[in-house]
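Next come two complexes, and both contain chain A; in the first it sits with chain B, in the second with chain C.
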Partner chain A sequence: MNALGSLLLVLLLAGLGFAGGQVAGLRPLFGVVVPYAAFVIFLLGVSHRVVLWARAPVPFRIPTTCGQQRSLSWIKPSRLENPSSTLGVVGRMALEVGLFRSLFRNTRTELREGPRLGYGEAKLLWVAALAFHWAFLLVILRHLRFFLEPVPAVVAALASVDSFFEIGTPGLYATDIVLAGALGYLLLRRLLSPQARYLSLFGDYFALFLLLGLAASGILMRYAVRIDTVAVKQLALGLVTLSPVVPGEVGPLFFSHLFLLSVLGAYCPFSKLMHMGGVFLSPTRNLANTSRMKRHVNPWNYPVDVHTYAQWEDAFRDKLKAAGLPLEKE
Partner chain B sequence: MAEEVAKPEDLAQVDYRPPAKDWRDPAVEFRKGVFCYSAAPKHLQYLGLPNPRPWHPSDADWKLPADWKRIILEGMKERLDRFRSFRLFMDICVRCGACADKCHFYIGSGDPKNMPVMRAELMRSVYRRYFTPAGRILGPLAGGRELTEDVIKEWFYYFYQCTECRRCSVFCPFGIDTAEVTMMGRELLNLVGCNINWILEPVANCQRTGNHLGIQPHAFKDAIDFLVDELAEITGVRVEAPINRKGAEILYVIPSAETFGTPHYYTLLGTLLLFHAIGLDYTLSAYASEGGNFGLFTSHEMMKRLNAKIYAEARRLGVKWILGGECGHMWRVVHQYMDTMNGPADFLEEPVSPVTGTRFPHARSTKMVHICEFTADLIHNGRLRLDPRRNDHWVATFHDSCNPARSMGLIEEPRFILRSVCRRFHEMPENTIKERTFCCGSGAGLGTDENFEMRMRGGFPRANAVKHVRDRFGVNLVACVCAIDKATLPPLLEYWVPGMHVAGVHELLGNALVVEGENERSTDLRGEPTGAAGASAGPQPEGARE
Partner chain C sequence: MNDRGLILGGLLLFVGLITLPVWYNVAAGTPSRPPELKLPAQGKDPFGTAEYMRASHMSLLVAWRDEVVRGGERTVVGRDGKTYAKSLTRTCMDCHSSRAEFCDRCHGYTSARVSCWDCHADRRLAEGSAR
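The block that comes next holds the complex of A and B.
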């Protein structure tokens, strides 16, 4: 139900963009106003969420330790999995963000006859998630050629490396295949695994379909429905230089693409897509395990009701005396 | 109670297919054997906690305060503003499900709401409905859910079906720690008086007498005296075990179960023998007679209240630093909370071993050292005479307790000790030890009899790994450094892997420790024949040590 609903919603949005692109009077709306609005919502929304996180203090130092602590000099500490220095934390975070270290640990628990529990390899989620994120990043970087004039050499080089496998004309981008394939896997996984289906929300499918729609419209524009890239670049440059123009000849499919992108941007701050910022702030990962080495201060530490030694001694005075235990007051 | 419990064969038939019912329906069935009973009102009254009343989880009416909803929502708001962890973990889960089959309660029960992600969603759905713009406007479409009394019951059921073990957070790509969400959930439940007796009675005891068991000072002294006599009988050596002695160099804090519980007690025998052997200048305290802290399972405030006595007592007695015994959750509190909550410990000195002169710079600020760190250093420096043959009746494995493993990283220290005192040691499979260790299934205050079935389910992955090394290497002993383990692993293993024994690391050390003036030792600290006498237990004496 969630899956179907979100698919329909994405199709509706794509159609809306498509239709908007065909009506001359609406083109400025879909080509300029909506993207600008989405960008503003994205910026303000994301910063608002980040500020909310940043404003909440980290009262305790609670890293999840995934290896040997630094204690005795002759025991080798696990510098990345249980960092005790800033450098170690940076390394740990780099592994998390760049390689999804924790997801790499994934296993599949299987209950076999016996009963015997087995923990099988289950790296596909890691592969797909990593592939999707890196491909997405590269695709975004590649898109910079629309927004920058002259096109920086790195961006151009990226595009040529990406189309290294000269399949068809124009050269098929490896990232496009990877992006679509990985998204497809992530979607199938949600649909086919009963557990994943049970826990998936409308928003989980929506994000995936939105991205798939975005990727599909992009791929179509490149390989099937040719559009005027010069006009697209005109529009994109206009947007970034704050002197927007909507050239007449950009194809309607482009408007689907742009509209889906706008929706994605505006949707970000209200959704789980905020994980991109959140991962950096996660206190179980970004703190060094120096809890006993350095004092960590809790800004809201307040006094509490404690049963003091004096009260305790008063309560048990006779028994303490009878047992011959030392007393503060006789 | 035992006769009502399902047989292991039946319990092991776990059905992992989720029900067709939408998870947003909060209705839960409080079936006997899978939940903990409510706290007696007198404990709430004594502790000054809200809404003391007689009630039972299976009642239809939980007698919540009239404005319970406002209390919960305000409590959530307050915690969202105070804990970045909480706010972040409410926001960033992508529901990838990587954590799902990592939770022992899910593995053992197949209940999809025991997947960590779902446990947290029970709270997140309410968060989204009341604290995010999308959820306020779009409600269920944005994953929001109304807060109803049934949701409170559901929270109670599932937040007291999580042992705050943090295994899920090891596997989560963002480090989302469902234990943290459970802790918040329990704090909120406590605000409306929904708590369990197995936690609040120890908490009340601890506040009043200084320890969970409610041992009063004279009884504490009796227990220690008895222990000293028994140790003399077994070893021929009479040790000193001072209590509340001012001017000692070191305060030794134990989980109180070591004074009475079996097999905890043997750990204390071993430890006191060790202190005698090295001539340690130390004292126990009858006031700080508990390192464990069931406040951790109640609220941050309660944790702080109970923990405060350790530093207070160290200051009063004028010791230089503090040594802490074998206890898992105690070390979560000591390592990650104590200094922040009740420090700075500027009246103490940076810990230095009086025997080897080794400094413990990693404990420079908190000034409390784990007994395994201390002992490993002694052995490494050759300061102990050990005869590991005296443990030849044991083929040991080591169970990493959740907190020392995942909230500290105490991994090699106990293993080093074990290998030095025990000749036959075998690791359980990689996926079940160290940071990936499986909980005993009874931690975080859930180790009560009425919860027996759920404990057996939760402990199943641990027990199954023990069974593996029993069948493969003839392991007959599970060593550990946790008082809750010592209480709950024996019934767990009795259920799934009969015939296993459970011991503290310092019990095995005590067996192997050669002390000046001791008798020829014919028995171990349990009074059972040692060494060659029992050595037939395992098929292969050496072999694959890891």
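The block that comes next holds the complex of A and C.
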């Protein structure tokens, strides 16, 4: 139900963009107003969430570690898994953000005949997640050719490396294939694995279908349905130079693409997609494990009024003595 | 632990990166005009409407290439009934005479790489340099 509902919603949104792009009177709305609104929501929303997180107190080190802590000089510490220095933390964060090291440890558990519990490696999710995220980044960077004029050489070089195999005209991008394949796997995993399906919420499917719709419309526009790229660039440049141009006939699919992107951007701050910022703020990853090397005092500790046993004994000394009870201090 | 400065710095960096196109285009003084093409003085394209050519010229050229190289069909009858050679550097560029002022304008604008000139010589450029 979650999967079907989110699929229908994404199809509806894509259809809305498609229809909006066909009506000349609605083009300013779908080409200019909606993208601007989405961008503002994205920037303000993401900033708001990050500022909220920054204000959350993290008084103590709470690293989850998978390696030997630095202790005695003759015990070899695990500098990346259990860093005790800022440099080590930077290394661990770089591996976490760039290579998803935590996800690499993903395992699967199976109940087999016997009954016997079996544990095994499960690297496919890691591979697909890594492939998707890197391909998505490269696709976004490739899109800079629409937003920058003159186009920097590095963007052109990226596109040229991406279409290295020169299959067809215009050349097939390797990242398109990787992106679509990885997204397809991530979706199928949720649909086919009973455990993953049980855990999957509406938002999980919605994000996936949104990205799939975005990828599908983009791929169609490049390889199947021709659009007027000069008009697209004019629109994109108009948006980023804050002098928007309302485009004429661009192509039917373009507005679906743009509208889905706007929805994705505006949806981002309210969804699990905020892991983009959240991964940098994981206290279990970004704090050096100095729990034993340094004393971490809670910064907002106040002097607590305590009533010790010694004080209690002083108060009742006479009565305790009269009753013949043993005293700590005679 | 107070990392607020670091976090806000990271956030500012992110906002800066996301809005990079805005600053880049301001710095580069990007004009809002689309590229201007030098169109042939007269005549109509015999192979399709301007709209078709704008969207699908690459498909036409690739189809011609395959027909000439693999099928040996070297001529095509245009919409005006005349027979033309399937040739980029002759037929097309007889009218659209300047690569720099026609092809490269849009291809440069959208950074769409053309592989035509990897093999084909830009005839007029070559003649110009020979002179």
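Definition applied: the second predicted complex is superposed on the first by the 297 of 330 C-alpha atoms of A that agree within 3 Å, B and C clash if a C-alpha of one lies under 4 Å from a C-alpha of the other, contacts with A are read in each partner's own complex, and residues count from 1 in each chain.
Please note the rule applied: a residue touches a chain if its C-beta (ideal position, glycine included) is under 8 Å from a C-beta of that chain, and two chains touch if they have at least 3 such contacts.
This structure is a prediction, so every number in the text was calculated from the model and none was measured.
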| item | value |
| --- | --- |
| First (chain B), second (chain C), both or neither touched by A:Leu237 | second |
| Touched partner set for A:Thr229, first chain B, second chain C, both or neither | second |
| Which of chain B and chain C A:Tyr309 touches, first, second, both or neither | first |
| First (chain B), second (chain C), both or neither touched by A:Pro150 | second |
| Chain B versus chain C as contact partner of A:Val58, first or second or both or neither | both |
| Which superposed partner A:Leu281 touches (first chain B, second chain C, both, neither) | both |
| Chain C versus chain B, contacts on chain A by residue | B |
| Common interface positions of chain A, toward chain B and toward chain C | 53-55, 58-61, 281, 296 |
| Residue ranges of chain C in contact with chain A within the complex | 1-4, 7-8, 10-11, 14-15, 18-19, 21-22, 24-26, 28, 30-32, 34-35, 54-56, 58-59, 61-62, 106, 108-113, 115 |
| Chain C partner contacts - residues on chain A that touch it in the complex | 43, 46-47, 50-51, 53-55, 58-61, 144-151, 155-156, 159-160, 163, 166, 169-171, 226-234, 237-238, 240-243, 245, 277, 280-281, 287, 296, 299 |
| Footprint of chain A on chain B - complex, ascending | 12, 14, 16-18, 23, 48, 80-88, 91-98, 100-102, 107, 112, 115, 117-118, 121, 132-134, 141-143, 166, 169-177, 180, 207-210, 216-218, 221-222, 243-246, 286-287, 300-301, 304-305, 308-309, 312-313, 316, 334-337, 339-341, 343-344, 358, 360-366, 368, 373, 376-377, 380, 405-413, 416, 429, 431-432, 434-436, 460-461, 464-465, 468 |
| Residue ranges of chain A touching chain B (in the complex, touch as defined) | 49, 52-72, 74-78, 81-82, 84, 96, 100, 102-103, 105-109, 111, 115-117, 119, 125, 129, 193-204, 270-272, 274-275, 278-279, 281-285, 289-298, 300-301, 304-309, 312-313, 315-316, 319-320, 322-326, 328 |
